[in-house]
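The next block holds one structure in the form of structure tokens; read it before the comments.
Going by the order they are written in, the chains are A, B, C and D; count residues from 1 in each one.
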Amino acid sequence: MTPDLKVRIGALELPNPVLLASGTCGYGLEMMPHGNIAGLGAVVVKGLSLLPSKGNPPPRIVETPSGMLNSIGLENIGLEAFLADKLPKLRHLGARVIVNFYGGCRDDYRELAARLDGVEGIHALEMNISCPNVERGGVLIGQEPEEVHKAVAAVRGATRLPLLVKLTPNVTDIRLTARAAAEAGADGLTLINTLQGMAVDVETRRPSLARIVGGLSGPAIRPVAVRMVWQVRQAIALPIIGCGGIWTARDALEFLIAGATAVQLGTVNFTHPDRWIDVLAGIEAYLDRHKFEHVTDLIGSLES
Amino acid sequence: MLLKIRAARRLTEDFQLLEVDWPAGLPEPLPGQFVMVRTREGTDPLWRRPLGVHDFRRVRGAGVLSLLFQIVGPTTHDLAGLAPGAPLDLLGPHGRGFKIDAAEIWLVSGGRGVAPLFYVARLLRRTGVPCRAFLGGRSAGHILRERDLVRFGCRVEVATDDGSRGRRGLVTEPLEHALSRLSARRRAAVMLLACGPHGMLKAVAGIVAVHGVAAQVSVDPLMACGRGLCLGCTVAAPGGYRLACQHGPVFNVRDLDWDAR
Amino acid sequence: MTPDLKVRIGALELPNPVLLASGTCGYGLEMMPHGNIAGLGAVVVKGLSLLPSKGNPPPRIVETPSGMLNSIGLENIGLEAFLADKLPKLRHLGARVIVNFYGGCRDDYRELAARLDGVEGIHALEMNISCPNVERGGVLIGQEPEEVHKAVAAVRGATRLPLLVKLTPNVTDIRLTARAAAEAGADGLTLINTLQGMAVDVETRRPSLARIVGGLSGPAIRPVAVRMVWQVRQAIALPIIGCGGIWTARDALEFLIAGATAVQLGTVNFTHPDRWIDVLAGIEAYLDRHKFEHVTDLIGSLES
Amino acid sequence: MLLKIRAARRLTEDFQLLEVDWPAGLPEPLPGQFVMVRTREGTDPLWRRPLGVHDFRRVRGAGVLSLLFQIVGPTTHDLAGLAPGAPLDLLGPHGRGFKIDAAEIWLVSGGRGVAPLFYVARLLRRTGVPCRAFLGGRSAGHILRERDLVRFGCRVEVATDDGSRGRRGLVTEPLEHALSRLSARRRAAVMLLACGPHGMLKAVAGIVAVHGVAAQVSVDPLMACGRGLCLGCTVAAPGGYRLACQHGPVFNVRDLDWDAR
């Protein structure tokens, strides 16, 4: 018997728990040569802003041990271009689309949410309040529980779509911002965005990134991400999407067992653009081998 | 995608040449495009590494891709240890390559920069377009494929930092000298294709501006994905940024901003 | 001309900036087979408590990508045994000794500092207010600026030895706890202790560590550590000892250039017990090659 | 420390034997001690891996260390690819080994657990102490060195999970059977040395308690340093913890707490 992989996050029903993370799979379409994205639980597109943004100056990326730093600065084509050029193609493919978005202030967030509300082909919103790269908004909102509450409440009032809130790990206690998002009406929490990090080119004695500080992603951060998923799962009754350093099906299982309802693959897409197919197959094989009928029975099954 | 190593040869102490069987299903690589390779399980190093298409030929109908690389770190070290028959994990070809539509082509390379230019020379021999090559490098061991370029009919000039091969000095010196001796008409017919360290490319950009010659350059910023997913490989262009992996790695010299960091 | 490697942290003068981190080199003596520890800037011994502590139940460690998690729980032989059995030998070797210590409450800290004050052969104290593994004390104190201030002030009042305060990275803004420690009288700051992390054994669905959450160390965390050193350096005029994921001389140079006056090698000692010798030689060679006469000229030389 | 591979041999699909030249300056390894090896530059995997002293001999005066390992992950995979002449980064010998001072020794192994016991058997042959060996494993390919143990004069009994070699079942079954047939005097003379998975060791602990036989076990928790630095390799003991790398890996069965997790 093939195990049942369906999961549900609020009103959002997904055929399986494997998603691609925002900023690591373009607008989804770029992944098509490597496997039909309609087979994913969902694809989370690159963070959109109201207007197109050209992002930060180079160098923007650097490799670190089992990880990488980026300061892309949320470069994106803007809301209009997404709706006009990308979304129709995504709909045509039958992919489930989650739109990640960010704003410079609370009004931006609200306006974005309002404009995305009810658009055919968008299955959920993911609010990025955790990006460490943009000077305005981003990091400040995401690190203060009260600010999180206000921003999420504003967005909640502007959309009927399932609303995910993506949290930054750069906080003393992730449960506080998680609870604020939950109380303001989030349907689910995405954990985690990148850790703030920095690297130095010792030969030139310059920062490796033009913006000096960037976001650390990849397997290096997985233990931090799993810990936060588990902590939030103990504290708050809201579905969690786990993200951070997933490289293999085993890693995805760590998150599910620790309490994530679904997972997102990020940095791994750069190296292995078809890895999500293996991860999905690996989860299925595991459920089979361990005699779970539904993936939901595995979620949060950690024995401690 | 696992391809198979067909041949491996150490050209000089620091440089290795690999030949890889190219599967029929894949698009034929174009000059100036690149592939993304990796050699290790595990997550350090994390990224694939880009390597230019050094050469492409057909042997009894079957494609053979050549890679030429300098051994500088973990991936190139591992690659240098691969023997014929070994599998190679490779994605590509990626990017936009050289446009070879001028009446005369001059190749300008610094060190490993000769890697993608070699395939251009092979194609030029086929079409009979006149070709000159200016090869620069640290020392004799960093001047590569000189003889084969001559065999392809290129007129080759060499400069090394230490004078151990060719003239002593920068490769831009013989280049400037040659340009300064061209008639205005010949200048208009020449297209420079350059690949090498950023400093060299910047110097070339200055030289072609002065002499009014057209040029394309192949740049090599750090790349995480090689396929437009990470938006990390940006290079500065007038009014914004371009992705080296998608809009390049080959750019018209005028399409880049040479004053940015 | 051989470059001058001497550095100074308050009244603490060290012949070079390479130290071994607490908890990764035993009481220093264990490192002797791999090189004379008198050649180090200093050795920071395993965190001491008033009474011996047997630490946490196993499993206590697990490997993660380019890192490891530990929940040793500050197992140590206790203050008395250290003074009686270890310190005389360390003195005999001529090693500079920094004593790392922790307490369950502010009184413990004060008492420990008082007992260590003026003991011959102890060159400085390093106060661990950042250990994430002990339920009492530790994490709570280190995450709250006011608590940091109170604890450091208490210790400051009890000792005339140079006082380093070792901060936890598990905070929203490291500059706040750093400033609190500075204002309470610390002579230097050690940055960073481990990040809180977790791993799951997916076959048994149990946490990999008996204590579930542990401290993440190793190269994986280096970008976070370098970032914090740089942030604190911008904000506070106190010498910093950089620590976190140093594997090679290049890595140590990252910290020095970002603003650390000295560095500590931790997890690397487990794999390469003599690596500190290479790191020291590598720093010296770099100074030579880049024509720095004094290592102090390199410190904080980041061009940004 | 870089040692040199002297010989490499695949014993079965999953098991490899390596011989390493042992430098004269190093202390001679004792049975039950272990070494810490690594195979990769880079930091994934991060730790060295412990491997028991499988054998040690002198060939024309020069020491030769043998390692026997199961290929399970990155390090053992890399080790299995090393050819004679290749360097091996190794630290050790570490830990406290077996005390071989009984009138009769019985070896009990599960799978790769035979690795450290083999050297004991070689030493027993030298001293003429009677030896029996009980080898357990998943299947025939996990029963190793049987013939050589017989050659050393051991009486060998084999059990596999699938019955593909020896009797079907757990290795503790022939062990219990043999113990139950011993006179009280013989029992007092016998010392069991066991190495294998935790479940097997726990079963052995139960059996020797019932039969009143002495036993030493070699345990294998995860180890970061192998030298008492990390305090990570703790095993539960009555009233506290013991470090496997320093106080062990060989313990008297009574010195450990078999009811802890």
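In this text, a contact is a pair of C-beta atoms (placed from the backbone, for glycine too) under 8 Å apart; a residue touches a chain by one contact, two chains touch by 3 or more.
All values derive from a computational prediction rather than experimental measurement.
K.L.:
Relative to chain A, which chain's C-alpha centre is the most remote?
P.N.:
Result for max centroid distance from chain A is chain D.
K.L.:
Round to the nearest whole Å and give the separation of the Cα centres of chain C and chain D.
P.N.:
Comparing mean C-alpha positions, chain D is 37 Å from chain C.
K.L.:
Averaged over CA atoms, how far is the centre of chain A from the centre of chain C? Could you give it in whole Å?
P.N.:
Roughly 34 Å separates the two chain centres.
K.L.:
Could you give the separation in Å between the centres of chain B and chain D, each centre being the mean of its C-alpha atoms?
P.N.:
The mean C-alpha positions of chain B and chain D differ by 54 Å.
K.L.:
Mark out which residues of chain B touch at least two other chains, giving numbers and ranges.
P.N.:
Touching at least two other chains: 42-45.
K.L.:
What are the residue numbers in chain A that touch two or more other chains?
P.N.:
64-67, 218-220, 247
K.L.:
Chain contact graph: line, ring, star, complete or other?
P.N.:
complete
K.L.:
Name, in rising order, each residue of chain A that touches chain D in their complex.
P.N.:
65-66, 219
K.L.:
Touching residues of chain A toward chain C in the complex: what are they?
P.N.:
Spelled out, the residues of chain A in touch with chain C are 64-67, 69, 143, 170-173, 195-200, 202, 204-207, 212-213, 216, 218-224, 226-227, 230, 245, 247, 250, 253-254, 257-258, 286, 301-304.
K.L.:
Hey, which residues of chain B end up touching chain C in the complex?
P.N.:
For chain B paired with chain C, touching residues are 42-44.
K.L.:
So in the complex, which bits of chain A are touching chain B?
P.N.:
Those residues of chain A that touch chain B are 23-26, 30-31, 54-55, 57-68, 70, 72, 75, 210, 218-220, 247, 267, 269-271, 273.
K.L.:
Across the complex, what residues on chain B touch chain A?
P.N.:
Interface residues on chain B, with respect to chain A: 38, 43-48, 91, 221-222, 224-225, 227-236, 240-241, 260-261.
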